[in-house]
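A, B and C label the chains in the order they appear, each numbered from 1.
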Amino acid sequence: MNLDIPLMLESIPSLYSAAIVTIKLTVLSSFFGLLLGAILSLLRYSHSSALRRFAATYSLIFRGTPLIVQLFIIYYGLAQASALRESPLWIVFKDPVRCAVIALGLNSAAYTSEIIRAAVNSVPKGQWEAAKVLGLGQFLVFRLVVAPQALRFALPSYGNEIIMLMKGTALASTISLFDLTGRAKTLVAETYAPYEIFILVALIYLLLGLALQSLVKWGEAKVRLPSPSG
Amino acid sequence: MENALAYGPQVLQGLLYTVLLTVCTVPFAVMVGVTFAAFSLAKSRLLNRVARVYAGLFRSIPELVILLFFYYGLSNVVSTILMKPVEFSPFTTGVVALSLISGSYTAEVLRGAVQAVSLGQTEAALSLGFRPIAAWIKIILPQAYKMAIAPLTNVLLILIKDTALASVVGIEELLRKSSIAAGSTHSPFIFFGGAAAIYLVASIPILVWQEKAEKKSEVAI
Amino acid sequence: MRKAIAISLFVCVLGTLFSVNASLGSDRPLRIGVEGALAPFNYTDPSGKVVGFDVELTDAILDASGLTGEWIRQDWDGLIPGIIAGKFDIVSATVSITEERKKRVDFTDPLYRTSIRFVAAKGAFLDDRNSTLRGKRLGAQRATVSSAHLQKHYPDSEVVLYDTQDALRLDLIAGRIDALIADQIATEDSFLKKPEGTGYEFFGSVIKPDDGIGIVLPKGHDELMQRLNSGIATIRSNGKFDQISEKYFGDTDLR
């Protein structure tokens, strides 16, 4: 198997701009996912059982179906409804980038809400009571006692979730976006050199993944407690 | 040709492939996972590094790209190594790629579980006179197994969903059959919605079971 | 129960291991790559079989050449890379013969000719000049002569590429693209003639972007090429080609 190295070098500039799309999708949808995920996890602790059930069902549906199916439904499926096409919401759904961010964000929100919930649950209940006894209000208990510990617990899994999200952006190529995978498929169609292009693309994803992993490691080190036993 | 119902049997046949693919991948994924978890826990630096590179590769590269890679490359690479032409069926290619993807998650979970248990416990067991292997089998693994159960079901759920991408290697699984039907009948909503419902129905028992398992482990702690 | 699970897993493992096609004998049926999503040329019927003009034509050619084949469905943009990677022995899926493709794969003699044409909402555009379509979103299926046409001749428009014809048409209906360009016959047959296509029409010139449609082979398979070409000559002279062509296209001559 001989690789066409000049072809690989020629492809780098167009893959570079595609990598920017991949990064943009990852950043936007992780932001959206975190926001929505935080709201969903709050609903999980709501006093209303309807809200609790809504959040749980949401999480079940988005975690129980493949992302690519969610993407197809949101992009191709919803556009079938002329009611949506004639509504002001169509400005959002007409644009493939926004659709991709919505689908990826909605999906990520389900996982993020589970991560936040598990993290908050990991703090022993006794601490809430102990802090209350010391005279702290509920918000302050959360802010000063629970949140720092939960963050420490959640960060590794949240890091995994962001990497999963980054990988999920590859599916955006199926809704006409020129992200890394979309650009790669088009380059293969122009050059008929599948090995060269996909090796290159895999390397770029790997670099992005490694960058994210070291970002998470850096974050973990930031919030780590000084180790008592050294 | 326009009748959506006529495509029902095809969609069900796709479901059969999704199930077969999942069931056949699980044992291989476990084997791969155990092997690489052992590598990353081994005392050899070389093995540690091999395990790290493997995890880094399969955790960073999108499943779609990995599957494409195996579709184009697996037969060629194996043929070059064996020095005779070998052709893998789409199903084999799918199982190999998915096992390696799923195996990387399995390895991470197992490694994490063992490390969570063994802090200090190995030493305690050794000082009580256990031999290293006995300490592993009698003390570490039973506890690690309990800890790993919930995250392993997560790996299984991810695997089920990853099978939806296996059409790129030529396997006509549930999503593929659904898109063919959606295209032929021009009813994307019915078929993609239907596929989503089927995946959900398949995943719900696992999700519910997982929640129960998590509750149990909370009690145990 | 546990034993049953263990045994079935074991069977699965064995089955997977032995599903490797170790033998690549010479008399096995040819693996024919096809998209199966371009009616009436090649498409999938409700029972899951690939049918259509390409299929009947190719089966007749193989028959006349003393060959047999099995049809394997693959995404359109995976067909020619699939030939290069050795996934198929031939591809017959309305593949245009172009200079770019000839650098990487071989083609048989042309089987028939088709044309491509723009489609948009009725009255949206009067012609397909570059200036008319400037700044518009134009769609095509990835890796086709249509997408190459857009990329070559419409640098001032936004070119949007899709994996399938279905996705392309869905987005024209949704209004996410202003016009699409695709095979004329296929678009007429499975879009313009259908209820969802009533508001749309062809516009601009009829474009013949290629040297005809051929069967694709990997580079250097000269013996297979000769057999296929003689098969093509046979069905042209013995009336089989006309018979199949008439079944699908009536009086329209695709030669």
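Following the convention adopted for this analysis, a contact is a pair of C-beta atoms (placed from the backbone, for glycine too) under 8 Å apart; a residue touches a chain by one contact, two chains touch by 3 or more.
Every value quoted in this text rests on a predicted model; they were computed, and no experiment measured them.
For this structure, the chains sharing the highest number of C-beta contacts are A-B.
The chain with its Cα centre farthest from the Cα centre of chain B is C. Between the Cα centres of chain A and chain C there is a gap of 36 Å. Centroids of chain B and chain C (each the mean of its C-alpha atoms) stand 34 Å apart. The centroid of the Cα atoms in chain A and the matching centroid in chain B are 20 Å apart. Looking at chain C, residues 81, 85, 170 sit in touch with two or more other chains. Within chain B, contacts with two or more other chains are made by residues 72-73, 76, 179, 188.
Contacts with at least two other chains are made by residues 76, 80, 194 of chain A. On the chain C side of its complex with chain A, the touching residues are 77, 80-81, 84-85, 100-101, 103-105, 139, 142-143, 147, 160-163, 167, 170-171, 173-176.
On chain C, the positions that touch chain B within their shared complex are 8-9, 12-13, 15-17, 19-22, 24, 36-37, 43-48, 72-75, 78, 81, 85-87, 164-166, 170, 194, 196.
Of all residues in chain A, those touching chain C in their complex are 76, 79-80, 85, 94, 96, 173-176, 182, 185-186, 188-190, 192, 194. Interface of chain B with chain C (complex): residues 1, 3, 6-7, 9-10, 13, 20, 23-24, 26-28, 71-73, 75-76, 85-89, 91-92, 95, 167-168, 170, 172, 177, 179-184, 186, 188. Interface residues of chain A facing chain B in the complex, by the touch rule stated above, are 1, 60-61, 63-70, 72-73, 76-77, 80, 121, 160, 163, 167-171, 181, 184, 194-195, 198-199, 201-202, 205-206, 208-210, 212-213.
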